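Alright, structures below, take your time with them.
One chain, subunit A, links the two complexes that follow: it is found with subunit B in the first and with subunit C in the second.
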Partner chain A sequence: MSGATKRRWRDVPLAAAMLGPSLVVLIAFVLYPLGRAVWLGQQRCNVQATKCRSVGWGQYTDVLRSNEFQSAVWVTLKFALITVPVGLALGIGLAVLADKHMRHIGFFRTVFSSTVATSVAVASLMWLFLLQPSVGVLANIGWLNDIFPVIKEPGLLNDKGTALSSVAISSIWANLGFTFIVITAGLQSIPRELQESAFVDGAGGWRRFTNVTLPLLGPTLLFTTVVLTSRAFQAYGEIDLLTNGGPVPQQSTTTVTYLIYGSSSIIKNNEGLKAAVAVLLFVILLGLSALQFRGLGKRVHYGS
Partner chain B sequence: MASIRLVGVSKHFGDVKAVDNVSLDIADREFMILLGPSGCGKSTLLRTIAGLEDPTGGEVFIGDRMVNEVLPKDRDVAMVFQSYALYPHKSVRANIEFPLKVRGVDKAERADAASQAAEVLGLTPYLDRKPGALSGGQRQRVALARAIVRRPAVFCMDEPLSNLDAKLRAETRAEIVALHHRLEATFVYVTHDQVEAMTMGTRIAVMRDGVIEQVGSPQEVYDRPASVFVAQFIGTPPMNIFPAGAIEPGDHLVGGRPEDTVISDDHATSHDRGVAATVVLVEHLGHEAQVVCAVDDHTRAIVRMNPSDDLPRNGDTVRLNVPEEARHRFDAVSGARID
Partner chain C sequence: MALDTTPKGWRSWVRYALLIVMAIIILFPIYTTIVASLKPGNRVLRNPLVPDSFTLDVLGDAWTQGRLGKYLWNSAVVAIIVTMFQLLTSIMSAYAFSFLRFPLKRFFFAIFMATLLVPFEVTLLINRRTVDSLGWLNTYQGLAVPFLATAFGTFLLRQVFMQIPKDLNEAASMDGLGHWGFMREVAVPLVRPTLGALGLFSFLASWNQYLWPTMITTEDDMNTIQSGLRLLRSSDLDKPNLIMAGTIIAAIPILVVLVVFQRQLVRGLTAGAVKG
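The block that comes next holds the complex of A and B.
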């Protein structure tokens, strides 16, 4: 053995001691459960999940082909397509609005970021009251019914056409605080001289926004998009509290997470199927994040 | 025609008077330097001219037009920032073209103007790079190119060289002076560096605590400083200021430039022997030696000497004097020049 190799081997115990703790945590809470879920995905269990037996990896393809799974993926996709762009746009709008040197702007910043301190349960209950047909102020808005004649059931949450959008609104609201804070931080890292230089050169507000603010917010927006997308794909609390995956029988708010976990999910008594869906959701999210980083990442500028 | 006239301009931030009742006339095509230590209000004054700050009081004229209410873009002013303020996501060409693009200049004309500006500043090989791939000096030249591309009447420059190393600073200094000759525009240039002020400006306005202490040509400001502050701010090493009565009778201060201050040994028997001092440090700079002397607990004086002369040693007691014709006299209370 050469001297260098020997020296490297001498470092092994120390390296192992340093890596050990995090390795244990990683294995116990991430790798083992992940492996267990993948394994469980090819089993069929009894109702109590006390006895499971292998039914083969074909269970994954069965799930993929099933109407229930495909419908859940479609609902989830719609949910993400509403919450991510709208949430992002509102977050940027509020952050730009509050990024002014004005008296008492701190008050507005606090208000705008307050939803970050609101739990999903509280936020959902609040929206449930607002949308409740009997008491909610937003439940039956006349002009809304005029614009969308498809609304037949009383209460936006009970109509199959509006239920998903209504849940999305509550989700957007609940995530707005986070988006606002992250984008505000991004805005504050843009040097003031860049805006001033553009201002002296004759760029108006909109042009400064599109030519300076937005491009320099690139990394922040990429990060926020990835986080919001993965949150949309994992949204559960608001769906469980507001619609229970319904309205029945269309299941128009049964997202993939609700299919896995929901109390009125069609597969709620089958641990094997639930695990299979969960693993597929993991694969979908992994692919989606990779796509976002690759597709958007190329167009993002990380400063000089 | 782009003379600039400031009439009683003030800018207050809360209780802080960043600029306090400043009046200044800058002639067309002049290279005016605003010089002073940090926090003296020179940048704020420049930003007021550019339109980035609204004055709290007073009037700003560019040409014959009062521009207090005029947006920066309509003042025919370009600004160069200390941090260069280049758009990091745009190529050098796009950076230079940006002011024209904003003004709706068509594509071909824009490309022409940008190529020309790049040519003037030697940036042609870098047009397709991003600013991140350029050195500090090149970035500064891109900022200059972006400023000259739309041929404004007034250039406002806020310490444009202070992020460059000494060698580049000297080179770019000469380039900016050449640019001034070439463009025939009015330059207002903020710096805290007296070498830049002395070498570049046609006139210097020395500022302190929001007010202008003196305006004059570099030589005037050097030869006849209006106050102790100006005398000590301009010139390296700064002017020696002797306490009242030390050099000549009277209750005024006497100043002498280090090159005008003469040193003699304690036993000299001249009629006017000056003030006693102790040598604390002798610095050899090669072409000259600087002898630092302590006159009393609060007063230091520096004497420039020829290194081949018979130099005193640390701890020597010497006498310092300033020849009558080289003396500057200042009021002991206000610090203002007398005579």
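The block that comes next holds the complex of A and C.
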């Protein structure tokens, strides 16, 4: 008994030394801020955020009911519903297209992977230069403007109908390298014999794709979907650089994250409301990941 | 089976045509950016698709006016510090969870895993206040310290440490090799591929941070390359070629890193997909 207890406690100093640094950082910069944000969410502060006082937990329900929050959630959902399926479909399409032994295929794989090297700032500025109505590339191609006058007036990023889709396209492009690389790796881990035996059984190209390739790609696609969805919900840089949450007054591209941190956000001087929105975003993301793992996880085919 | 009887040559031409079309679409934004960055200011709006004039002056101007050298340096310092510390803290905590016996082990592991669920959006708001009260606005500490540990890295390394046979650890301790020695001489060398992947992942994640540097940087000199690009955009929108040149300069270092570490890239990107 005493020997067992001794063994149980023997490693404690060492464990403290090894876990200590991580624990300090994780508690100070992840767990404490989470708790603090939950508390701050029911407070109202002065503009400098030096003095805050509690106004009650009803502030959370006020935020939930507010038009600004609901609109931001709706914009975020639309953004995710564009970027995730389109990004996934393009990633699968490109990966399947380039998954053949052909001459120069290495070149095409490099091209399709290339956007993985662009940060959100780099990618967004490239697209800003394409889409800007005055100095942009598309606006200076004559025939294109004749077909789509919106490019010049008011500009794809300034029109409430096209702003969000334009930001989404830039985001899809920026994520495509990542999606392509991950799905290609998934494709290459599928045993060739399975494809061949399906071929021998008389399955055509499309049936082999839907009945063999897609199910075996399940875990990879689940992972990609989860990553793309969380990136969509946390998109900030592309909105900050391309539209600043606008065009006003509809705030057509103010996502939840932009509502919290954006420099033209309507609540930018209200720390309490920002914290409340941040906590609600956290709850939404929690629910979403639970949903994705429950719903998709069941249908995923784990090979080997 | 009808499709499979089509001539092979014909099908491969269709595939090549599709590959080329997709490659053109994907390269288009990069191409126009490069073309713009090589044109003098007065030519940039004419024929934006045709490289009809050539100068390196704009790249030079972007480098000096945009202070990109300083910003790239800041990004490199922060990303290297963050990567090294994340590897170190992850190795130590993963080792403790894999090889040490101590009370409340599951509880502490649960705390680590719980932090994985908390997104940056919630914490950064408060972390800005913390960093401010520590006097760390506009410092390397402020940029790096909140990210020096990662539960993700701990989880990832624990997965591979657990595959090391316990006998090996016991044999080593009989030979007089303590835990630190075993960690250094045996455990870490055995998981080197995972460390490479985690290192690249940490470096990219830190280098690409956008929101945090824009939140805690108010002095021009302390911008990272990402928040520096934001400054460049807001100051010089009337000089698109200057911004595009800055964008190209900002993209090159990470391109070099990815080419050098391409063997780690796939594992680094899919690291999160490991099965539990």
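As a working rule, the second predicted complex is superposed on the first by the 264 of 304 C-alpha atoms of A that agree within 3 Å, B and C clash if a C-alpha of one lies under 4 Å from a C-alpha of the other, contacts with A are read in each partner's own complex, and residues count from 1 in each chain.
What we mean here is this: contacts are C-beta pairs under 8 Å (C-beta built on N, C-alpha and C of every residue); 3 or more make two chains touch, one makes a residue touch a chain.
Bear in mind the structure is a predicted one, so any value in this text is a computation, not a measurement.
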item: Fit or clash - subunit C, subunit B, common subunit A; value: fit
item: Subunit A residues touched by each partner, larger count belonging to subunit B or subunit C; value: C
item: First (subunit B), second (subunit C), both or neither touched by A:111; value: second
item: First, second, both or neither for A:216, with subunit B first and subunit C second; value: first
item: Touching partner for A:26 - first (subunit B), second (subunit C), both, neither; value: second
item: Partner chain(s) touched by A:202 [first = subunit B, second = subunit C, both, neither]; value: both
item: First (subunit B), second (subunit C), both or neither touched by A:191; value: first
item: Lowest inter-chain C-alpha distance for subunit C and subunit B in the superposed arrangement, angstrom; value: 6
item: Footprint overlap on subunit A, where subunit B in one structure and subunit C in the other make contact; value: 202
item: Touching residues (chain side subunit A, partner subunit C) in the complex; value: 7-12, 14-15, 17-19, 21-26, 28-34, 36-37, 40, 49, 94, 97-98, 100, 102, 105, 108, 111-112, 114-123, 125-130, 132, 135-137, 140-141, 173, 176, 178, 181-182, 185, 202, 204-205, 219-220, 223, 227, 230, 234, 236-237, 240-241, 256-257, 260-261, 271, 274-275, 278-279, 281-282, 285-286, 289, 302
item: Contact footprint of subunit B on subunit A as seen in their complex; value: 191, 193-194, 196-203, 207, 211-212, 215-216, 218, 301, 303-304
item: Of all residues in subunit C, those that touch subunit A in their complex; value: 1-4, 12, 15-16, 18-19, 22-23, 26-30, 32-33, 36, 44-46, 48-49, 88-90, 92-93, 95-96, 100-103, 108, 111-112, 114-115, 117-127, 129-130, 145-149, 151, 154, 179, 207-208, 210-211, 214-215, 225-226, 229-230, 233, 237-238, 240, 243-244, 246-247, 250-251, 254-255, 258, 265-266, 269-270, 272-273, 275
item: Complex contacts: residues of subunit B adjacent to subunit A; value: 50-52, 72-73, 77-79, 81-83, 85, 87-89, 98-99, 102-103, 130-132, 146, 150
